[in-house]
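Shared chain: chain A. Partners: chain B in the first complex, chain C in the second.
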Partner chain A sequence: MTHITLMLALFAVLTATAAQAQVRLDNTIKKVQTFVNESGEVQRRMVDADSVIPGDELQYTVRFTNHGEQTVDAGTIVITDAIPTHTEYLDGTAFGSGTQISFSVDGEVFAAPAQLLVLNEGDEGIASAQQYTGIRWAFSPMLAPGESSYVSFNVRLK
Partner chain B sequence: MIASKNFVLDRRLFVLVSLLVGGLFDAQASHALGTDAGVNIQNTASVNFEINGTAQTPVNSNTVQTLVDELIDVVVVDNNGGPVAVSTPDTGIILQFTVTNNGNGAEVFRVIANPNVVEGGFDPLLDQLYLESNGIPGLQIGADTAYVSGTSDPLLAEDESLVVYVVSNIPVSLSQGDNGDVELRAVSETIITQAGVDNPDDAGWPTPGTSYAGLGNGGGDIVVGTSHDTSNLLMRTTGRYQVSDAVINVTKSSITVLDPFGGTTLVPGTVITYQIDVAVTGTGSADGVVISDLLPAELEYQLNSLSINGVAEDDDFAPLGVDGSGYNTGASTVVVDRGVVAGGSPTIVITFDAAIR
Partner chain C sequence: MQYFKRLSVVVLGMYGLTFGQAVYALGTNADEDVTNAVSMTYTVNSVIQTALADVTFKVDRKLQVEVNTTQTNWVTAIPGQTFASGNFSSIQFTVANLSNDEVGMRLALIDQGQLAISGGDPWDAPSAELSAALITIWEDTNGNGSYDVGTDDLLGNSLGILPVLSDFTFSEDETRDYYVSVDVAGTDVADLFETYTLVAAVADNATGTAVLQTDDSGNSTHGVADPAVNPNGITTLELVFADFVATVTVEDIGYDYVGDSPSAAADDSYDGQASDSSGFRTRIALGIAKFVEVLYDPISGNRYVAGVATNDPKAIPGAVLLYVIGINADSGVAATSVAIDDDIPGAFVTPGNLNAVAGIEIPATVTITINGGSVAFGMAAGVVANDQYHTQDCVGSALLSTDFFPLTAPEVDGALLGSCTVGQTGYVAYVVTVTDT
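== the complex of A and B ==
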């Protein structure tokens, strides 16, 4: 119940601030499907992800847009997303033009992959992509009114 | 361990030879898939930003969500480790299988045994199926549950396994070596009711990816998994009866290695002691059991090193010696003649030495 209450509270905050927010986020989810084309080549396409099964690859895309009348300062836009529960991040899929991407294994400390250390059976080592719990994109440019860009990442349902 | 391939079992030998190589059990029972059917996968992103050097209130995205469908996957494994020896006629012979729900939701499966397998051989006479239910390995008639397909079909939770016993009788007048197969399949009740078929050989069998809306655990769809792919049907397998009064298992190993310097390197002059274990199982006897081990050119038999069950055996054999066991110099072959060996007899242990030339 606590979890549901928290979700409702977040939703309330979201609707309250959306009206004044300079930057708005639009999150979408797609399922990555492989298929064989007429030439016999294996290709990938994005389809709706109303439902999924274990093993499916999903792509989350977060578009961010400046809906305000003032420019957002360069180097200040930071987008944070969690690797959803029951999924694992697919290495190398995080994308964001003009961004510096960092990852987290605890949702608090974000760093480059080589600096993320975890204990694997008592031995300290570099975290694997499957151990990431969060991604952060630091967007370098300024964002003028009306401008937008996007970030994305892929996961696999466990 | 050095395995040998130079065994010959000859003379009037109506037995099945099964060299024990590797594991006996089918390794196709993969681990089950993870996320439970009905789980809602959610995601919300957030953004922090500044305007004119002033941090603004962080903003959350909309929350996207997707529902995990129920995947039907079931794997049937033959637990018998090879053909089960039977006589002709015979009664009450058990084949054992394991059915595992490798899907991500609870599902009812109908278990169906088919003794009329197209591959040939004889048709075993199915007597009764049983489902393991008392937790004691092996079939205990009266304690494990007698089962009729379509009546009280078992509900398996995800990852749950169920041992199924197929008890059959064996017809009369078969020949030694005849095979009789029983195919066991586990079919989801959802497929039976939605597709109207219970056999992958029938028209209308659903291909992997086929989905049935809204029927899954937790309210999602049901999706037919890859274990139903007709090119690789993991949801059914075959067990085999084989008419054979006795089954012989032969294993060979090197038990000691001694080089000329007291060490264990493999150099010319190194003496290797080999051990061959011969076990006969089954209700009958193996007739005329002769074990022959041809030594490759690189190995030189060490005279008078042969022993059988710990008793030294001379190298001569009939007609020169008193028995049929010894070393055939001309053929570079160690020969051990045990004649008739009853099933269940103690394992025959043969050892001899050979030197690397």
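== the complex of A and C ==
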């Protein structure tokens, strides 16, 4: 009886160790600001999103870091981000090194842009970027302890 | 890989008419919290794990008012026109709240003298001001473009700077039309000018009509030092002046709220204010209208007889018609060198009483409606001369006379001698025969 109890306890400890959350997400937002430099050129810069009004462009960056002691299996990291309400995704801004990016128009099925069809006023067509409701990044490499990477995308506040 | 195989199917979403149509003029409401929720799944030693992270920001209060006028040139003002008489011209402004919230608004109408306006001809600064006796501003509450006593909101009636101190609260995306009229001295001559600027400033809702002088982004109104940027965090509501002036023109110089009073300053971007200008130019006004009467028709042989309606000659081929082009002076200042030109439609009529029909009578008086009023013209003797037109100088002018000239196609060029001043009338008259082919 004692032997069985010890075995169950050891199994529980091993399971808990393997399932322990070790990758942390850091979700941050910046405002994209245009300005004219000393040469008269219009440039863009990131500023804190303290002041955000309709029409502003925003950039979300999601950094993920392995704070654990074990390597995250290659090809298993999948990040899913719902386009925030009151914003619309800006075409071509989704980024993620080592990732395959797909989009959704219903928050459930994710696919390449050319495969996302919608009905607009009764006519079937490829969804525009403004119609996306979600983005998904599939990260291919493994993530060793201490390593981190990030994905990002831009939206405009309606 | 199995994951992506599953995603290779085509998905079909249903979207209504409005999906994906960004309407920034409407804009996300101020004080709205926008949250981005991200999730992650991964495996460690084949054990699936998850992670979540949210970030939320608050939509700040975008404060943007806009003032525009639809006039692309000077609006004609007639010397002697008054608001009280109901016979006046007006300039129009539209004030719009493009903020993402309800805002208080303060308005001021500023007399700019003969300041040039964008699109106004002449382009350069006009030479002299008209003599404004009174300025009146009202809101066209029923949107019909005219002033309706008891319906439209009369906002002010004075001279010079006219601060409109009513407590205006504009809802999000609301627009209102305002009109301005000016009473002009009856002695004014032509080509005098007066420009008016309507400036709208965002006011603090809490205090009703106090102009907001600073925002939280380092912007301020004129006469107020730019405040420090107030980075109060992404979850705190800020005030943000969002008005933008692409190019400051001469129109933008010389008006703005400074503090809580309209004063001399330039309208600029991000000051919580907006403005536009429009103006009046005096013209000496003559009303003009054309009249026609059938004098004879060759089928029935009926002729016009004053007071005998049953005769009723018809405008058929071979009929003789009387044309009268009458003018009526509206201005207290005399109009001189009055010329009346009229094209004769040669394809349809032949100048004069072509067949010399005898016994044709003409009306002793012709009444023509000009600018909504009935004006009677006494026909001079000899008006039916077969091949002549005649001009009648303005009745009451020192050179009153009736002159006859040869009538030939394609046009009548009638020059009235002397001058025409308020209430005086003159005309050109001639007869034609409807072509019988």
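Convention: the second predicted complex is superposed on the first by the 137 of 158 C-alpha atoms of A that agree within 3 Å, B and C clash if a C-alpha of one lies under 4 Å from a C-alpha of the other, contacts with A are read in each partner's own complex, and residues count from 1 in each chain.
By definition in this document, a residue touches a chain if its C-beta (ideal position, glycine included) is under 8 Å from a C-beta of that chain, and two chains touch if they have at least 3 such contacts.
If you're wondering where the values come from, they're calculated on a predicted model, not measured in any experiment.
Participant: For the three-chain model obtained by superposing on chain A, do chain B and chain C clash or fit?
Facilitator: clash
Participant: Considering only touches as defined above, state whether A:147 meets chain B (first), chain C (second), both or neither.
Facilitator: neither
Participant: Looking at the overlay, what does A:105 touch: chain B (first), chain C (second), both, or neither?
Facilitator: A:105: touches chain C, not chain B.
Participant: Check whether chain B or chain C contacts more residues of chain A in the superposed model.
Facilitator: Between chain B and chain C, the winner on chain A residue contacts is C.
Participant: Between chain B and chain C, whom does A:91 touch in the aligned arrangement: first, second, both, or neither?
Facilitator: neither
Participant: Is A:156 in contact with chain B, with chain C, with both, or with neither (first, second, both, neither)?
Facilitator: A:156 sits against chain C, while chain B stays out of touch.
Participant: Return first, second, both or neither, reflecting whether A:23 touches chain B, chain C, both chains, or no partner chain.
Facilitator: both
Participant: Please work out whether A:127 is in contact with chain B alone, chain C alone, both, or neither, and reply first, second, both or neither.
Facilitator: second
Participant: Among 9-17, 225-233 or 243-251, indicate the stretch of chain C whose C-alpha atoms run into chain B.
Facilitator: Superposition on chain A puts chain B right on top of 243-251.
Participant: Across the two complexes, what residues of chain A are contacted by chain B and by chain C?
Facilitator: On chain A, the residues that contact chain B in one structure and chain C in the other are 18, 21-29, 49-55, 58, 60, 62, 64, 68, 70-73, 76-82, 84-87, 143, 157-158.
Participant: Write out the stretch or stretches of chain C touching chain A in their complex.
Facilitator: Within the complex, chain C contacts chain A at residues 3-4, 7-15, 17, 19-20, 22-24, 27-28, 32, 34-55, 57-62, 100, 216-217, 231-234, 236, 238, 240, 242.
Participant: Chain B touches which residues of chain A in the complex?
Facilitator: 7, 10-11, 13-14, 17-18, 21-29, 49-55, 58, 60, 62, 64, 68, 70-73, 76-82, 84-87, 143, 157-158
Participant: Which positions of chain B touch chain A when the two form their complex?
Facilitator: 33-35, 39, 41-53, 55-57, 59-69, 71, 104, 220-221, 223, 225
Participant: Which stretch or stretches of chain A touch chain C in the complex?
Facilitator: Residues of chain A touching chain C: 15, 18-29, 48-55, 58, 60, 62, 64, 68, 70-73, 76-82, 84-88, 100, 102, 104-106, 109-111, 115-121, 124, 127-128, 130-131, 138, 143, 156-158.
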